[in-house]
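Should a chain be cited, it is by its letter among A, B, C and D, assigned in written order, with residues numbered from 1 in that chain.
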Amino acid sequence: MLTAILVAVAALFCLGVLAPAVRAGASGDIAHDLVYLGSALACLVAGSAAAWFLVGGQAASLNATLPMGLPWLPAQLRIDSLSAWFLIVVNVIGFAASVYGKGYGRHVDEPGRVLPFFPAFLAGMNLVPLADDAFTFLLSWEFMSVSSWLLVLANHRQPGNARAGMIYLVMAVFGGACLLLAFGVLAGAEGTYYFADMRAHPPTGWPAAIALLLIVLGTGSKAGGVPLHAWLPIAHPAAPSHVSALMSGVMTKVALYGLIRVMFDLMGDPGWGWGAVLLAVGAVSALYGILSALLQDDVKTMLACSTIENIGIIMIGLGLAQVFRVSGLGALAALAATAALLHVFNHALMKTLMFFVAGALQTATGTRALERMGGLIQRLPITAALALAGAAAISALPPFNGFVSEWMTFQAVLGSPQLAQWPLRFGVPVTGAVLALAAALAAACFVRAYGIAFLGRPRSPEAASAHEVDGWMRAAMAGLAALCLAVGVLPMIAILPLSQVVADLVGSPLPALADGPTLSAWVWLAPLEQGYSSYSGLVVFLTAVIVTVSVVAGVHRLANDRVRRGPPWDCGFPDPTAAAQYTASSFAQPLRRVFGTLIFRAVERVDMPEPGETRPARLEVRLTDPAWVALYAPLIAAVGWITERANPLQYLTIRRYLSLVFMALILLLSAVALSR
Amino acid sequence: MLYGLDFDIAHTLGTSVLLLSFALLYQRRLTGVLEAFALQAVFVAAAAAWQAWSQDAPHLYITAGIALGFKAIAIPLALGHIVRKLGIHRTVETVVGVNLTLLAGVALVALSILLVFPVTFASGNVARENLTLALSVVLLGLLMMITRRNAVTQVIGFMSLENGLVLAAVGVKGMPLVVEGSVAFSVLVAFIIFGMFFFRIRERFDTLDLQYLETFRGDRQVDRP
Amino acid sequence: MNATSPILLQALQFVLVLAVAPVITGISRKARSRLLGRVGPSIFQPYRDIAKLLRKDVVMAENASWLYRVAPYLVFALMWLATALVPAFVVRHPLSPAADLIALVGLLASSRFLLALAGMDVGTSFGGIGSSREMMISSLAEPAMLMVIFTMAMFVHTTSIPSIVDFVLGRPVGLRVSFALAVISLIMVGIAETGRIPIDNPATHLELTMVHEAMVLEYSGRHLALIEAAAMLKLLFYLSLIAVVFAPWGIAPAAATGPQLAWGAAAWLGKIVAGTLALAVFEVSIAKMRVFRVAEFLGGALLLGLLGTIFLYVSQSP
Amino acid sequence: MSDLLNTVYLLLGIPLVAAVVLVALPWHRVSSILNALASLATLLVAVSLLGHRPEVSSFVFIDDLNISLVVLTCLVAFTTAWFSASYIAHEVEIGRLTPTSLRFYHAMYQFLTFSMVLALCANNIGVMWVAIEAATLTTVVMVSIYRTREAIEASWKYFILGSVGIALALFGTILIYLAGQSVIGPGIEALAWTELHVRAAKFDPNILNLAFVFLLVGYGTKVGLAPLHAWLPDAHAEGPTPISAVLSGLLLNVALYAVLRFKMILAGNAGALAPGPLMLTMGLSSLLLASVMLYRRRDIKRFFAYSSIEHMGIITFAFGVGGPLANFAGLLHMALHSLTKSAIFYSVGHIAQAKGTQKISDISGLTTSHPMLGWGFVLGVAAIAGLPPMGLFMSEFLVVTSAMARQPWLAVPVVVGLLMAFGALVWRLQQVAFGEPRGESAKISASLLPLYLHLALVLVAGLWLPGPLVAWFQNVARLLGS
């Protein structure tokens, strides 16, 4: 199986190399089809191989050694349940993205800048979970960053994208540097970079703390955890939509894979404090992310911000798993871990779906600004229906998949009374409250987005004359929507493969699955004990369907089902122009008043024309990212300051340079003189 | 064999070279600097010749010859010519006060003694003394290069630094390539002086010509990130 | 008479809640008018309204989309389902494990989600106002509700209502600080969610004040009937939720006999009617708030809920 | 008399003869081709050294350390000559260079090759010193070849600082001889590497320490270590680009090679103080200073000159850390840096010619206007920035991790410096390579093969290293000690 995956990865690399050649040699279209269909195939192979490994489960892990890198450090590759799970996530989404790209790629400005790097990016993301030594891990990690950076720069002519790419790559490399140092600590003085050796003797005391801090910094910054998130809403939207989907839906998860691998696997028992750190970061990220999403006007930026929220939710799950694990509460740890890993999958599905929708909107209307859309449910009915599913899923509404993982996270939160540490006993419920708030705000956020984009009347001629997107894109979106519903209705299809992963991760399986997947386990999701807290997507879904059908039937029997069309009533004052309808910013206004002024220093400025002026009044809303103000801006300023101060060194006179030489000489001489 | 005398003479010559380095630092007039340097060159030549005799290494006579002919006579003349031709005003402009420079010089000598002192030699004290003196002369030469603004004085500083090298080289038994080395250096110095002629250096090395100092600093205005 | 089949009871509850919901609304209106010194309509007026609406034609804006037409049915169905899943007269139904408290909140959220979208469909400014305010209110009310649930669940270690009921019934009655806080918070949430004064006024058409009404302004005929019915069900949902979670006394145990069932039903009716009257008194005794004060109101509810959970440890700590 | 059969003499002879011939040739097209051919011949001879090593003679020798550097030098010299053929042709067209100065240029080029190879192969510290001085003076002259005021000031600066460096290095050399002759006895043997390395243990440690300081400062000036680096940026910026390529790619390495040789002597002597700390300090200061200075540069060649300082700092740091792993990393980084940096200068040369300017702010959108050149540039800069899968990622990984293994805290400033430099590189890279193309853009007819050849080598090195190379490096790394 590992071989199959490696072959697929190699194929992806080859595609990346071939693409420009084919473009130059044959034609762009051939290259296009070759790349996207090829990557779809490769993802299919790799994904099914990983799934087969996980479900078939005859071997705990498979190893392979490639004669690459340094002679005494050949690349170690290994697949175990954890990496298999993440490989499944990567490749399911990769497959969808390739199919989508088959259609969407036609609308990219400069395909030549996308085709070579798209498969390379996929390959990089496939390699990270496979890496079994620090060098290979970092190599593929950085490679993943580089290829996605080039994809971010794909439409490099648009203003602002250069800045996006710059910030993105620098932050990515910062994360990589943190990981490099962390692995240096883990490797210890004898410097063995194999994960196996690190696992064998994990550090303790200060080194362990430093290593974990660096790991959290490195992976957290890549995953977009607050306060290192600021690059994410800038970079993810800049890429073409199918790439944004991969970056937001998958790459952030791969980053979390690194976190899990080190904290749960390599470090042994890092103690509950780090779980608490994850909880805190997760809570802040969740709330912050969704609030900023709620205030965005750019669809893709909004989605990127909501990614920050979901990363927060996953981190909360991981933090809970960590604290429960070290407190010896196996069942709860398993529950929390399942919730987190399930949300990894769910969020990948729904965020990708939503980014695909954003791409469809962009191709249909040529804009990403909500304020220029509207009424698209009429023009893009199918996309609208699929988008509705995605929005419901990402707002954690039953019977979709988002609800399942959040429900399980809540169940895990409810286990907090069994914890011994008082800080956690108080902290976890607060986290739960934040989580609840985030979930509710998510619903508001996506009602706003969907309502403004798809409902109402067209706000721009482009929106009025939009056309439904092509079959490939619709197929990709439909597939993902179907998966969202399927996982929501029958969570077992995802939880069952997860059981092995969780068991390996926290050392104890999910109690519900202790005695295999029984029928009741399939129907009733009762993670802890049968009869207690339980949820059944299937039953809810079926009953809802039955009830709805009977209601429809009943109402149409009882009532007269005549329908008259007329102008909207609107309390008797139908507004003439579409510009008068509710806008995205006006929709967000109440919540902006409640939260925005506090967190984002939101400033609303109404520019009201004098009587007699004909220009329209404008409402201008300015938001500032506190993390940017507090962290990034000062750093940039500091660099500017230092460089400014150092710059004169370029303009000294020769005599001064000679004196520098002289000083150096004297210093070294006196050092030698004093060294004995 | 006359070990003591050998030692004394070598020592005396070396010491006088060092003293003349101080004299170079002390001089306030350009002509005076030139004379002091010529005298130093003479002593270096003498030291070389003495070593040639005492180690009976005839090739050192060549070194002595170069030192005498080139550095003690030709260069001072050439420089004097430049000084007159370019009409460089006669006084030496110093960066830090002369007394301060001298103090620094003393400190440098102390440092070199400190450095060489623990060295133990199979080959008698000759080399040790020589080494101390040579090291001091080298450091003093460098000091002169950086504490004098005038191009001529800087060249002279460089050459007295090189005198230190010669002193060290001849002091060591059977050092090969000394001649080649001194020749190479004469070439180097010739280059420098030629350059000063060629580029019309009035003041310092780093102002080839006053008018365009700014153009090269064009790198200064910056587009920020 | 032996234990009747659970399926039948479940079906019975579906019918029962549907039947009772309008009269509860009727009672609350009647009570309120009486307290205001008016005679007020009969408590059965809501039935007539719904029937009338069902008979009327639907007048729909030209640009109304399929979502606009589908929404009322789904909203009503989900609300009905949710209300039917809250144990009324008997503790455990076959469907109860399908949705614990959190899932019930989820169902409500789904129906609200659809309704808010439907409000924005036609693209009138009223619909927008309504949806935006509705989502703002719910975004605070929902977490408050969840905190109340946490308070119960952390104490009882479960979120399924039957287990909670068993637990509460299974031990001597003792008023706990947490529960007091929780019930207050839950009442505040209920008031907000069911669009009563001081959050919203079900009987206003004044743009500054209305929330729910603005959202459904465009609806007419059977669609409006469904939405009205859903609103009534929502009121009933909260009443019976509070009743069953905080005062489950009298409810019939699982596998109950006829008399137990009858007694259970009677107790339930009594409790919700009492709740309705209390609500009416509360409503007439205070004034409607500005929309932006709602945040503070619900923020208070959220904090109370959180306090409740924290106090659990205080009361629990050895 | 096997010395005369020694292949090394052939290696040295070819460029010397070529230099003499080229002085005589008036036609610059012919001479540029001849120049390339001569370098090719030199390269072939150098490669033949890999097959059988000539026995050590009293004058020249080949061992694990210098063989790889010799081959590298000849390779880069050849590719640079190839690149220079097209570059120079363009310079003549636009009249920046006259045929007469070109005769000079090509002869000098061969002489430079000769002196660098001599410095590498010399089995005599005196000869090596002479060779490095010769190389310096040659480059001084070549930097000033454009005769612009900037070029002249740059070469003058280079000349003065270089001369002082030479003088100090000579003093150090004399001291080493002094240390040697007291053990080996007077005479030429006391200057031979082969002797010095074997007998190092018995030398007087105090003289060795003293000597090493002078050698470090002296040759360090050539390496461009801060604060001795002042000549380097201007010399790179103002000279013809092929010379910048050779300077960055080769001459710095040669000077560093000298330092390493002396480090080996100290490593062989128990009493001498570890040179590590000194080199660590110099390396770190260079790295940090360069990473800061990178930000305000507007001239693209000066920009990459500073990046060379940065990388020399990294290499020196690696050797300062010491130990087999760090030394290996240093050697690897040396080789890869010279390949990458020369490749970058090739592309920069073409860019400057295509755009008619060296101002970064006037260059943009290169991947659009000149795809092959632009992407080559992107690859090169990505490599120099240490991005995978290029080789420098591997060497930098090794540098940092080996530093972590020995002095964990030192790894932090290194990483900070690397990040700083990285930021500047990416910033400028995006500015030059992406965005809307601006300004004039002439088509360039030059072959980009040298550029892509180097990049391919660097890429391969990033994924797989040939066994023998690793064996030599490991052996040398052991000799370099800690």
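Simple rule for what comes next: a contact is a pair of C-beta atoms (placed from the backbone, for glycine too) under 8 Å apart; a residue touches a chain by one contact, two chains touch by 3 or more.
Note that this is a predicted model, so its numbers are computed, not measured.
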| item | value |
| --- | --- |
| Touching subunit B and also subunit C, the following chains | A |
| Label of the chain whose CA centroid is most distant from the centroid of subunit C | B |
| Of A-B and A-D, pair with higher C-beta contact tally | A-D |
| Closest chain to global C-alpha mean, per-chain Cα centroids | A |
| Centroid spacing, where centroids are CA-atom means, of subunit C and subunit D in whole angstrom | 79 |
| Distance from the mean Cα position of subunit D to that of subunit A, given in whole angstrom | 44 |
| Separation of subunit A from subunit B, taking each centre as the mean of its C-alpha atoms, in whole Å | 69 |
| Subunit A and subunit C, separation of their C-alpha mean positions in angstrom | 35 |
| Contacts with two or more other chains, residues of subunit D listed in rising order | 156-157, 160, 164, 168, 210, 295-296, 423, 427 |
| For subunit C, residues contacting two or more additional chains | none |
| Residue list for subunit A, restricted to those that touch at least two other chains | 639-640, 647, 650, 654, 658, 661, 665, 669, 672, 676 |
| Pairwise chain contacts, counting only pairs that touch as defined | A-B, A-C, A-D, B-D |
| Contacting residues of subunit A [partner subunit D, same complex] | 67-71, 113, 134-135, 138-140, 142-143, 146, 153, 156-157, 162, 165-166, 169-170, 173-174, 177, 180-181, 183-185, 187-191, 193, 639-640, 642-644, 646-647, 649-650, 652, 654, 657-658, 660-661, 663-665, 668-669, 671-672, 675-676 |
| Subunit C residues within the subunit A interface of the complex | 14, 54-67, 73-74, 76-78, 80-81, 95, 97-100, 102-103, 106-107, 109-110, 112-113, 116-117, 120-129, 131-133, 135-136, 138-143, 146-147, 150, 153-154, 157-160, 163, 205, 207, 217-218, 221-222, 225-226, 291-292, 295, 302, 305-306, 309-310, 312-313, 316 |
| Contact footprint of subunit D on subunit B as seen in their complex | 115-116, 118-123, 127, 131, 134-135, 138, 142, 145, 158, 161-162, 164-165, 168-169, 172-177, 180-181, 184-185, 188, 191-192, 195, 199, 205-206, 208-209, 212, 215-216, 218-219, 221-223, 225 |
| Touching residues (chain side subunit B, partner subunit A) in the complex | 95, 108, 111, 114-115, 118, 139, 142-143, 145-146, 149, 154, 204-207, 217, 219-220, 222, 224-225 |
| Subunit B partner contacts - residues on subunit D that touch it in the complex | 126-127, 130, 133, 137, 149-150, 152-153, 156-157, 159-160, 163-164, 166-168, 170-171, 174-175, 177-178, 181-183, 186-188, 190-191, 204, 206-207, 210, 295-299, 302, 361, 423, 427 |
